[in-house]
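So, here's a batch of structures to check.
Okay, so chain A shows up in both of these, paired with chain B first and chain C after.
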Partner chain A sequence: MLILQAERDALLKPLLAVTGIVERRHTLPILSNVLIEKKDGAVGFLATDLEIQITTASAETLPGESFRLTTSAKKLQDILRAIPGNSTVSLEQQDNRLTLKAGKSRFNLQTLPAEDFPLLSVNGTPEATFSLPQKELKRLISQVQYSMAVQDIRYYLNGLLMQTDDNQVRLVATDGHRLAFAAAEIDTSLPKAEVILPRKTIIELYKLLQDSDEPITIEVLANQVRFTFGSTVIISKVVDGKFPDYNRVIPLDNDKLFLIDRLTFLHALQRAAILANEKFRGVRLVLKPGSLSILCTNSEQEEAEEELEIDYGGGELEIGFNINYLLDVLTNLPAETLQLAFGDANRSTLVTIPDYSQFKYIVMPMRI
Partner chain B sequence: MALPQRKIIHVDCDCFFAAVEMRDQPAWRDIPLAVGGQPDSRGVIATCNYLARRYGVRSAMSSARALHLCPRLLIIPPDFARYKTASQQILAIYQDFTELIEPLSLDEAYLDVSGRPHCQGSASLMAEAIRSRIRDEIGITASAGIAPNKFLAKVASDWNKPDGQFVIRPEDVDAFVRALPVGKIPGVGAVTASRLHALGVRHCEDVRGWELAELVRHFGRFGERLHALARGIDPRPVSIERLRKSISVEETYAVDLPDLDACLAKLPELLERLAHRLERAGQPAFRGLSVKLKFADFSQTTVEQAGQQLSRDTLAALLQVGHARGAQPVRLLGVGVRLAADETEPRQLALFHGDEQTG
Partner chain C sequence: MDQLILDLTPTPLPAFDNFVAERNREVITALTHPGDERFIYLWGEPGSGKTHLLQAWIAHAETLGRASIYLDGQREHLPDFAREASFIAVDHVDDLAPDDQITLFSFYNSLKEGGESRLLMAGRLPPMALVVRDDLRTRLGWGLVFEVKPLSDADKLAALHAHAAERQLAIPDDVFRYLLTHWRRDLSSLIGMLDLLDRYSLALRRPITVPLVKNILHTAPTEP
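On to the complex of A and B.
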């Protein structure tokens, strides 16, 4: 029985929006499937890994019957990707089989009953609800997400802290060596609330956010967060744990400070990084009145040196860093000019944007 | 076993860090002196001179407690650079006698002098010569134990401490071991000793009355070693593979720890002991942290993660993961570090203050 007929892209785009979270191998076979549902006009797609659930719908209403089925997300995605872009795709369902036809191609796929598909239910009423333009949230996330830990045993670092406080929302990420903080003002007055969003949720959310003024609504629930934007809804569990107090690690008395052009500094570091030690990634910065030198040495004793003129009149300092931690912040900030504030070779360095208190990056040195 | 008779010397410098300090600062010879952390910063005593020991001051004791026992005690911070220099000079003396040297720490080493021609082949005379050169060339004293294996040499070096030595000849081994209290066996701590006492075992002679299988049933794999040591048997060679791969401390609890919270409560104490051990080892660079758990059923598990600081949070997280694997009462907890291959490896500092225990 024919259940649907559509242009390839009308199906592929919403499908790709949900399949990023599908695990290849799972103890529950149905979790490698995507739930496709058509009620009245639009076709909805839903995928979950039991921690996160993403639903979205096709942009336009499509002709065909109402139906509800699940089939392999990866295979369906691969098939739709492989057929020509302008093809018309038809779906037919017979017993537990799904047949996809496009031009002279024909694919017969297995299905599993939609009623067996596990759905995340939303618990309780939101503690805080707020909206902001998608591009604003995207900008905030881009400023901090690179500092999240990856598979740290301190599981609460493998995520992003989201705090609401009055009319401010703050995002904080840290891997225990460096920390990024970004804040934004919003129209609503919010209660104090904080949650740790899992790394995977942040990465998926970031992929799906558009550079548009269209709003995204965020609801902080007891142990979940729901993001609603366009026809997409992401429900995510939150990480149960105590995020470190970022206020404690913001250095207040770093007195060796200067302004630097972001791209000039970034390009000098990128060149020096070619000869940074492959394993430890150390870079030495030497600060003197009027100049900043950048020195890298690798395990073969090859050396790179860069010197930048800076407007600096303070004391001398030699300090080491993991060069990736510096490249990360310089790559991900849109600002033209940055302020660097050093203390000494054993204490944290603060990177900020001049006359802007909504961003902070704190990085600990490396003893080289 | 038809192994040829070995001659092992265990050399142990007397209160090494304090001795180096007293050598360089003669005014300190006549006052109670300790090397360690300051009492206000949760510091512990690394070592102390014999005058301080008379007041009950001991290694690994908190500095605050040491000062309470001996209010005149002078506690000075360690200067590992000087201790390392002295240790290398001592190593050079050993090398004049044998190539087979196994350093245990900056102040302790095993030497295998079997078949060496020095001093007409007498290990006792070689020990005398080594100690006398340490006294003349380094300016500190050392004690030595001479025996046919590592276990007995180590026990013997403690026999006439300080500035003394003790020989256990092959023909005396049996009588010596029979009379040796079990608490003197390296590896028998307070808990194992009290469990042995509860079984009516006070001396190695008593251990010999127990079947190997019975000992293994009571003490796990250590039972095997007990069975051998009680007979004066220790085949471990002096290992010149001197690079230690890890440093750890562990504790067997008299009463099993019932749950995760009870385990977490023991972590600060273990962490302090580990910090102390690292200090004694000269603050080596390390690249990983590990937590070991032995459960009530004697199964054990180890969890590791990369890290260059003694982070309480990381160890707590490792403990949590390890505990979940067993989900039963815990009889032993250990924490350790995996040493870096190269001392000069760069070291990334940690962000969270108080997270970092060693500088």
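On to the complex of A and C.
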């Protein structure tokens, strides 16, 4: 029985939006499937890994009967990608088989019953609900996400803290070596709430966010967060844990301050990084009145040295860092000028944007 | 090259609720619900948790809003002004210098004369076996005397699990058992090692496993 006929892209685009979270291997076979549901002319796609669930719908309404089925997300995606872009695709369902036809191509896929597909239920009423433009959230996430830990045994570090407090929303990420903080003002007054969003959720969300003024609505639930934007809904569990009090690691008395042009500093570091040790990635910064030197050496005793003129009149300092931690912040910040504030070689350094309190980056040095 | 780490998790302060109390419940009850008894003496072998109890008692005093002072006979002389505090804890009584023994004796006398101040002391031996001035020894036996019983292996495992949970660390069970059999057996050394492992694993980005522990035990100094 013919159940659907559509342009390839009308199916592929929404499908790609949800399949990013589908795990290759899973103990539950149905989780490698995508749930396709047609109701009132709209075709919805849903995928889950039991931690995150993403749903989205095709942009246009399509004629035909209502139906619900699940089939392999990966295979369907590969097929749709491989057929020519302007093809018309038709889907036929017979018992537990799904037949996809496009031009002279014909694919016969297995399906699993839609009623067996596990859906995340949304629990309770939201503790906090707010909206902001998608591009604003995208900008905030880009400023902090690189500081999230990867597979740390401290689960709370493998994610991003989202905090609401009055008319401010704050995002914080740290891996214990450095910490990034970004905040934004919003129109509504919000209760104090905080959740840790899993790393995977942040990465998927970031991929799906558009550079547009269209709003995204965020609902903080008891142990879930729901993001609604366009026809896409992401429901994510949150990391069970307590995020550390980040305020205690923000240095307040670093007295070796100067301003530096972001791109000049970034390019100098990128050049020096070529000869940084592959394993430790160490860089030495030597601060003197009027100048900042950047020194890298590798295990083969090769050396790179850069010198930048800066407006600085304070004391001398030699301090080591993992160069990647400096490159990360310089790459991901849109500001032209940055302020660096050093204490001593064993204490954290603070990177901020002049006259702007909504961003902070704290990085611990490396003993070289 | 050592990556330094952000000080994200403060070391939890000693408190009654992070004391493993299975076999020492009556001590905790006596300290938190003292009734009329103003002098308490705790004794037990090193590592049984006396210092923890004294510091937890001081923290308890602070939550009650009372002036309190912790004094360590091993490290400092007893200052005379200490008698002004409502909660006075004197640790390592057996190591008090002769002058300090006289000071402690005079604390007893002035507290006995009046006021509501309380005195909690700890030492390795029961009062009668202590090598201190005779007059102080009899005073130490005046109030309640408790033996702080050392922890069993099961208690230590439970304490290590609780400490790891407090620091939100996911650590496999075999690490705890390995520590119990390969590291010093008193709880403060074990907890200290767990904190060291926490810092190492964060700096090195490695999970806490038996091989990491072996590695660190080989390089760690034998004295803390």
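The rule is simple: the second predicted complex is superposed on the first by the 368 of 368 C-alpha atoms of A that agree within 3 Å, B and C clash if a C-alpha of one lies under 4 Å from a C-alpha of the other, contacts with A are read in each partner's own complex, and residues count from 1 in each chain.
Just so we're on the same page, a residue touches a chain if its C-beta (ideal position, glycine included) is under 8 Å from a C-beta of that chain, and two chains touch if they have at least 3 such contacts.
As the structure is a prediction and not an experimental result, all values here were calculated from the model.
Considered on the superposed chain A, chain B and chain C are sterically incompatible, since they clash.
After overlaying the two complexes on the shared chain, residue contacts for A:Y155 are found with chain B and with chain C alike. Contacts of A:R24 after superposition: neither chain B nor chain C is touched.
Shared-chain residue A:I368: touches chain B and chain C both. After superposition on chain A, the stretch of chain C whose C-alpha atoms clash with chain B is 73-81, while the remaining options among 37-45, 73-81 or 127-135 stay clear.
In the three-chain superposition model, chain A touches both chain B and chain C at residues 152-155, 174, 176-179, 244, 248-249, 277, 280, 282, 320, 322, 346, 348, 362, 364-368.
Across the complex, chain A is touched by residues 1-10, 167-171, 201-203, 205, 207-208 of chain C. Touching chain A in their complex are the following residues of chain B: 303, 305, 311, 313-314, 317-318, 321, 345-353, 355.
On the side of chain A, the complex with chain B involves touching residues 152-155, 174, 176-179, 244, 248-249, 277, 280, 282, 320, 322, 346, 348, 362, 364-368. Every residue of chain A that touches chain C in the complex is listed here, in rising order: 152-156, 174-179, 241-242, 244, 246, 248-249, 277, 280, 282, 320, 322, 346, 348, 362, 364-368.
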